[in-house]
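Each of the two complexes below includes subunit A, the first together with subunit B, the second together with subunit C.
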Partner chain A sequence: MTLLISEVKKQYKGRLSKTPINALNGIDFTLESGKTLGIVGESGCGKSTLARMIVGLESPTSGQVSWNGEGIFDKTKNIFKKKHSRIQLVFQDPYSSLNPRQRIGDAIAEVVSVHNLRPQKEIEGRVLELLGEVGIAADMRNRYPHQLSGGQRQRVSIARALASEPQLLVLDEPVSALDVSVRAEVMNLLIDLREKLGLTYIFISHDLSMIRHISDEIAVMYLGKIVEYGTWDEVLENPLHQYTKALIAAMPDHTTFGNSREYKLLSGEVPNPANMPTGCAFHMRCSIATPSCSENIQSLRDISGRHSVACQEVR
Partner chain B sequence: MTTPLLSIKNLQVQTSHDHRALVNGVSFDILPGEALGVVGESGSGKTLTALSILGLLPRGVEIASGEINYHGTDLVSTDRETLRNIRGNKISMMYQDPMTALNPVMKLGDQLLEVLDSHKVDISDRQSHVIAALKDVGIPDPQRAMDSYPHEFSGGMRQRIIIAMALLLSPELIIADEPTTALDVTIQQQILALVSEERRKRKMSMLWITHDLGVVANLVDKVIVMYAGRIVESGTTAEIFSNPQHPYTAGLLASLPKASDRNRTRLVSIPGIPPKPWSIGNSCAFADRCQFATEKCKNELPTLKENSKTVAACFNLIGEKK
Partner chain C sequence: MSTVKEKNWVNYYFQSVSGIVGAVLILLVLIASLASAFGILPHDPLEQNPVDALKGPSGTYWFGTDQFGRDIFSRCLDGVRRSMTVSITAVTIATLVGVFLGVVGGYFGKALDSLVVRLSDVIFAFPAILLALAIVNSLGNSWIDTSLAIAVVYTPIFIRVARGPVLSVKEMDYVKAVRILGFSTPRAIFSHVLPNVLPPILIQVALSLSWAILTESGLSFLGLGTQPPDASLGLMVSEAQPLAAFAWWSLAFPSILITVIVIGLNLVGDGLRDALDPARRSS
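Showing the complex of A and B:
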């Protein structure tokens, strides 16, 4: 089983302005089953658009997305629901992704019954099994989301995503909204579930330290493009793109301290996707840019079998 | 000994209608020119402590007792007019979300000039004072910025404007309530560098409130760790990060993934969730989640005591176990 993303583009038409917004500008990668891909990037880089596209909530303007050889947006076969039970999304904020008036057990039972995964009589047993899987006691089954803590709510969202027996989980900032002391627990849970159920993950975050902890491969996104892709250790220990280097330098580090830290700063801000710069989208903020960087569009090229980068200055 | 700029003594904050304790006996000093970090999770009382200083507690929450001493004035018992003169002028506040801290339908120039107007300060050329302040924080074309609305700026630029506004009257103390949480990491870096530089240049004191230990590690001189409405540990930044004595501080630090850990070992987690500050009786608030808790921890409230490294409220200090 493989997730295949090929030349995916997404344009949104501006509501007021005539210029379209390019959320995704040609995304290409394949992810083998059982692996975890970490996608890191800042707000507006298109990482959430990509996440929504993989689960079928957004359709690409052009390009192909397929899982297990079946196109996600292939409308000729009427297996939409079946297909989508195999890929599930876990959202950032469990408080807004769970129905506040639905008991958590019912929220999970609904998924099991919609996909006809168990006979009616066995649904309740399955609900308790799923809650157990994510470490929620069975006697909490009849609680409402507001009666749970943030960490417990995120566990329930994970259980709900697991209810359709997915092969691929897309996790969009799953721990960002949680308190520091419970983040570690949810991260450990995700790693345990991956091993136990043989899941494939796409883990999206702006926090490189979490990405580093869980990913086999890392994709760094900037303005709708992947600028660097490779195995986690290659990307983080031998970063090639100037943007990746800046992200690594910006990781808050609690192992060095004192108020004398030299900040390695990236000048400027992310350009507006409605008004894309020419050539390499990063050239105005890049410390090694040459005049031709504003002309030549960059795409990923292999540096070694485990590492590719979209930068002409990297030899 | 230097006289502290601000001294908080035994601050108690509670809900007004049913008197539930939210902040319970918090005391600390800020020295002139010092940067102090207050770290805690949601509900630990860190923000309420900061808001108390300027009398900005939200409706339904009140100061029950305690003193906040600033240059001989008790900010808790003083009249509104005195407080209004101190606010913004001597002590100013930097908020988390610049989109809600700025008025969306008012031009930036007017918002900044309003600060000068309401404090009736004698600055001969207000217009150029504001332009200089905007230039200081790196706003390109300040003249045009004054004629623009907040939505015309990016998050990072808006946060810079908030900083310019907070610095406008050259305060002695700046209170920052997670001003970089809403920003992207590379922009967060820019803002942290800017704040550090301005603080050093102006020899200001700073109170930085955050849930992110990584942010304060490189920013402040001293750190206070709050848990369930109380201070559980305080000390110099170096000691708190390298020799934490309270099991909660140590647990928080251990739960962060480390960049040096090549094998990506399992993260250390703290089981359970923080209790509500008012639900704790005569016991250590952390006892239920603490791996070192003894019978004593459940029956007696530990008080802050100086140890060889830090000041901590715990019967079973980490350093005593080795």
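Showing the complex of A and C:
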């Protein structure tokens, strides 16, 4: 089983303005089952649009998304309409991802019963099993979401996603809304579940330190494009793209204190996606840019094995 | 697994003081309506008795008599029944039609939504009583015609009350989750969107029931709606206006009944809102 994303572009048309917003400008990657891909990038780089597209909430303007050889947006057999989905999403905000008028156990039971995943008699047992898997005690089954903490709600969201027996789980900043104290717990839970259930993850975050705990591979996104892709140790130990270097330089480091470490901050702002720069989208902020960078559009090219970068200056 | 017996929303409803008071008031009103429907009244509401005209409240005539010597207590009960019938019928129709159009328009958006909004704008553009007058005039004077007229006038209110919250609820992550989970659209609408837009609708139902009673009396006052000699609360109030100075009871009792019904319905609305919202329940 493989997730295949090829040439995916997404444009949003403004209601009043004529110029479209370019949310995704040609995304290409494949993800083998059992692996975890971490996607990093700052706000507005298209991470969440990509996540919504993989689960079928948004359709691409052009390009293909397929899981297991089945196109997600084939008109004839939309895998999201015909049968229960093997791809699920865990949302960022645990306060809006659960129906406030539904008991948490009922939310999970609904998934199991709508898709006939268990005989009627076994549904309740399955609900408690799923709650147990995410570390929610059985006596909380009849609680409403407002009676739970943020961390507990996120666990319930994960359990609800697991209830449909997914193969691929898209995690859209699953811990960024949580207290620092419960982040590690939820991260460890996700890692345990991956081992136990043989899941494939796409883990989206703006926080490199979270990504490196869980990912096999990392994709760095900038303005709707992947600018660097590779195994996490390759990308973090030996970053090639200037943007990746800036991201890593901005990571807080517990080995240094005070101002002893120099942070190399990027200058300038992210360009307006409705008015894309020519050539490489990063050239105005790049320290190694040459005049031709504003002319040549960059796409990913392999540097070594599983490490590729979209930069003409890298040899 | 042994679970503690679950409280449902009915249990929660009767934990609130306003819910209990409202329920008691409305129960009394309904009993009065039933008594009148089955003819269990101390006097015939239509029987004129000129000798006893404009008598104050007494053992024989509990609420006194009007200018024709008719028993006001009996007429009040009969009026309550007539007013409640028209009001409940009208609001039921308006709620079903309005909520359906509002939820469907809000959820699906686009052309369907524009159509629903324009339709309600057209109806809103007419002054309520004028539109109701026109409809009653073209349909007739029976209680069902009056109900239909009031229903048409009140439908756009329900479209608005339902549509607004749907627009925000449908963007919530839990509704998106329902789509990702592959649930059908009817399930998304009825199990996930509708329960979350219900509280304002319920309050609107309670308020509209009381407004409908006032609209019905307005129509009766203008000679459409309920026709004399039949009694309706609104008609009784308007008939009693010139008598109020020297026969206070003829105006007071129907007015008090309207007030009781309106307050009762509002309290029921409050109680329902609290009981149906898990986050407002005090444990």
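The rule is simple: the second predicted complex is superposed on the first by the 305 of 315 C-alpha atoms of A that agree within 3 Å, B and C clash if a C-alpha of one lies under 4 Å from a C-alpha of the other, contacts with A are read in each partner's own complex, and residues count from 1 in each chain.
By definition in this document, a residue touches a chain if its C-beta (ideal position, glycine included) is under 8 Å from a C-beta of that chain, and two chains touch if they have at least 3 such contacts.
Here the structure is a predicted model, which means the values were calculated and not measured.
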Which of subunit B and subunit C A:M276 touches, first, second, both or neither: neither
Which superposed partner A:M187 touches (first subunit B, second subunit C, both, neither): first
Which of subunit B and subunit C A:R101 touches, first, second, both or neither: second
Most subunit A residues touched (candidates subunit B, subunit C): B
Touched partner set for A:E110, first subunit B, second subunit C, both or neither: second
First, second, both or neither for A:M210, with subunit B first and subunit C second: first
Partner chain(s) touched by A:M284 [first = subunit B, second = subunit C, both, neither]: neither
Residues of subunit B defined as touching subunit A within the complex: 35, 41-42, 154-157, 184-190, 192-193, 196, 211-215, 217-221, 237-238, 241-242, 251-253, 255-260, 262, 264, 266-271, 273-274
In the complex, subunit C residues that touch subunit A: 1, 3, 6, 172-174, 176-177, 179-183, 187, 191-192, 195-196, 276-279
Residues of subunit A that touch subunit B when the two form their complex: 42-43, 149-152, 179-185, 187-188, 191, 206-210, 212-214, 233, 246-247, 249-259, 261, 263-266, 269-270
In the complex, subunit A residues that touch subunit C: 55-57, 80-81, 83-85, 87-89, 91, 93, 96-102, 110-111, 114-115, 124, 128, 138, 142, 144, 146, 157, 160, 164
